[in-house]
């Protein structure tokens, strides 16, 4: 094991939340401009996060801080693993565990809003997990490699062969980052039926931990997106376009219901991904 | 250490998550607070975000006068807000009970139940006054 | 099957006001709903004991901030009838203009909150941006944004000069243009329709039986509008109530959207027919007798009952507000709804708790 | 005196209300007005923008039949009257038992001038 290699994941663990926070700040600024407002400064999410760490720690029970920490750890570990160029299948299991801790943290409290949010979070996982695994399978099909480092070195524009898959991945991103129309488990906008759902019962530093974990997840998903055009300028363009698309979709739709998601998205989404995969194989 | 503290004060001043709770009033203050969130006034440019969840709240805007039933609700809400917190009474009713002070179900202003930091007078106060009220309370975070 | 009890309120981001709905939920479907009121109850009807009948105008305006102009007008109309005076025609027409402007601000507020209940932040912001035009014109012509306090017993407190009238016309033109631009999103958009169509259907007969009023009743296909009784200056103007037949959230949204245009028409023709003259009829008498007066508020019919015995203080003031009547309909709608639709359906009735509890 | 108001006995209220319902009248509201030794109850009905009223003169603490079975929207009006005047309604559903708008420490208040208001207020905080 080459110790020098550890610099890369260490740098990624530090850089990823900065990146994720910046994305959140840009998102809030552009959304505000789209809505005809001036909007907060780009660094607003960092002020929010730092302030949250300075609030009184009020935990509902002993498990809640633990699950929040595990969620943060899981998300950070996933980023580190991907930066290390690790196996994509292991990454898949890591992300599943990460979401599991979020759901556990939300269901260990008595609040019905939090529990309902946890249930919806699980349903969301049910929708996007199959797509993620199909995305990884397609990457393997195209490059013959399971490890991210190999995929990156292979280079090339995966996007050219996998437009449908990328569309599915984009929808996964919409779901994962809780953008409209799929923002029903823990929307950043307050006025909704579940009062932030999964995050209802978190407060102060624990909420900050979950928020930080969310930034790691944002960075992770965008890193996966970057694999589809593995060259530095290419992936930069791809990620920027994806983020812009996310912001527009968020502002173009109202929130729909999870019933609608299960009826209209659950099967078609992996179906579309599978179609692309079959096309790659033949 | 000094720098961390300085940064914390700065963050607290820049990032206020607010919640408004309307008590026994006419609702006029409530809609002016809503108006303060929207494009013309845009509270978010000061980092003020409407949360609607006491556990995420830094600043509570109280509108309307306290009556016998909502007294306990208000107290419960305040207890759920983690310190440091800012409590702003918006509108004449929240200040003194206002025009309804003599009504049989009214106890009085918000200060009968909680310790109010900033009073914003007006019936209802204009959104500018609400914004000014919140921002003038920020010095509380200096300590 | 998981059964849980979800207390929505007293503090909930979707409701501006404290009001609790205890929902018994089975697998995110509401099976039972129990409301709890009293968080806003002030007992202002009893204020007649300490405030004289002229001061009560200001109390009536503060029953509810969203419908304050029409509350004030209805109270004044009731007292004027008891005193046996009629306000001059110019005052009547000015009351109509300001009432309809107030209706517009209320409906725009509702449209905005409705968009927000759907989670449609950008539409919410756009609608509130449009609303500010109306608020500005209210402030320009009356000096206040929300509680405009223009009504006094015998007429109105402020006059409107030609410049003010032109300002209103210009503002209306702007609002009409802006509203036309959001129409495709509010009415035709797929995802908005998905959220609003066939949600919370109130059948025609049931709506009538439950005593629903205002846009809720009209969205269920019943043409009822108290303005048609021709009180004040409404008798001089020609208009038809806005009626939709769906009875669902979509229909209620459409009724209010179309009523905005109706209000604009009423204001325009009101301004055109504005006659010159006094704006107040003075009277030194004290009210005596018993009276029942109705008006059409943004949320529907409001009923004032007043009993007076010729002294400075009224004997009894009773106000039946529109949301008070619509509450029964709301409780009838909730069971069987998906949890995600509860805020939307509740909001579609435009509940005003400050009105309900007084 | 209000226009088109008919005075009815409490025990004939049901049949009168039933008549009105069959003829397509809609319950608009109820008003209680306290007088010495009792309460005047008004039931307001509307049909095509015309109003008619029923008036019931009750004694103190009398129980009146609820018209909730004929007009399903009546519960909210009756609960409020029950709070403010102390009249009981028979067959009221849901029945908040005088805790509809008021807390236990605020007693029923006949809200009318000339009749003393009984309110016990405990201090705040």
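A, B, C and D label the chains in the order they appear, each numbered from 1.
Here is the rule we use: contacts are C-beta pairs under 8 Å (C-beta built on N, C-alpha and C of every residue); 3 or more make two chains touch, one makes a residue touch a chain.
Quick caveat, the model's predicted, so the values are computed rather than measured.
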| said: Hopping along touching chains only, can you work out the least number of steps from subunit C to subunit D? | reply: 1
| remark: Whole-Å distance, C-alpha centre of subunit B to that of subunit D, is 38
| note | Taking each chain's mean CA coordinate, subunit A and subunit B are separated, in whole Å, by 34
| note | Distance between the CA centroids of subunit B and subunit C (whole Å) is 26
| query | If you average the CA atoms of subunit A and of subunit D, how far apart do the two points sit, in angstrom? | reply | 58
| field | Numbers and ranges of subunit D residues touching at least 2 other chains | value | 101-103, 109, 111, 117
| query | Which residues belonging to subunit A are in contact with no fewer than two other chains? | reply | 35-37, 190-191, 195
| field | Residues of subunit B engaged with two or more neighbouring chains | value | 38-39, 50-53, 69, 104-105
| request: Mind listing each pair of touching chains for me? | output: A-B, A-C, B-C, B-D, C-D
| said: Can you tell me which positions in subunit D touch subunit C when the two form their complex? | reply: 1-3, 26-34, 42, 44, 49, 51, 53, 71-73, 75-77, 94, 99-103, 109, 111-114, 117
| said: Going by the contact rule set out above, which residues of subunit A touch subunit C in the complex? | reply: 31, 34-37, 112-113, 115-116, 119, 180-181, 183-184, 187, 189-193, 195, 251-260
| note | Per the touch rule above, subunit C residues touching subunit D in the complex are 34, 37-38, 41, 43, 45-46, 48-49, 208-212, 224, 226, 228-229, 290-292, 294, 301, 303, 305, 307, 313-316, 318, 320, 324-325, 327-329, 332, 357
| remark: Within the complex, subunit B is touched by subunit D residues 101-103, 105-106, 109, 111, 117, 119, 121, 124-125
| field | Complex interface listing, subunit A residues touching subunit B | value | 28, 32, 35-41, 44, 46-48, 50-51, 54-58, 190-191, 195-196, 199-204, 207
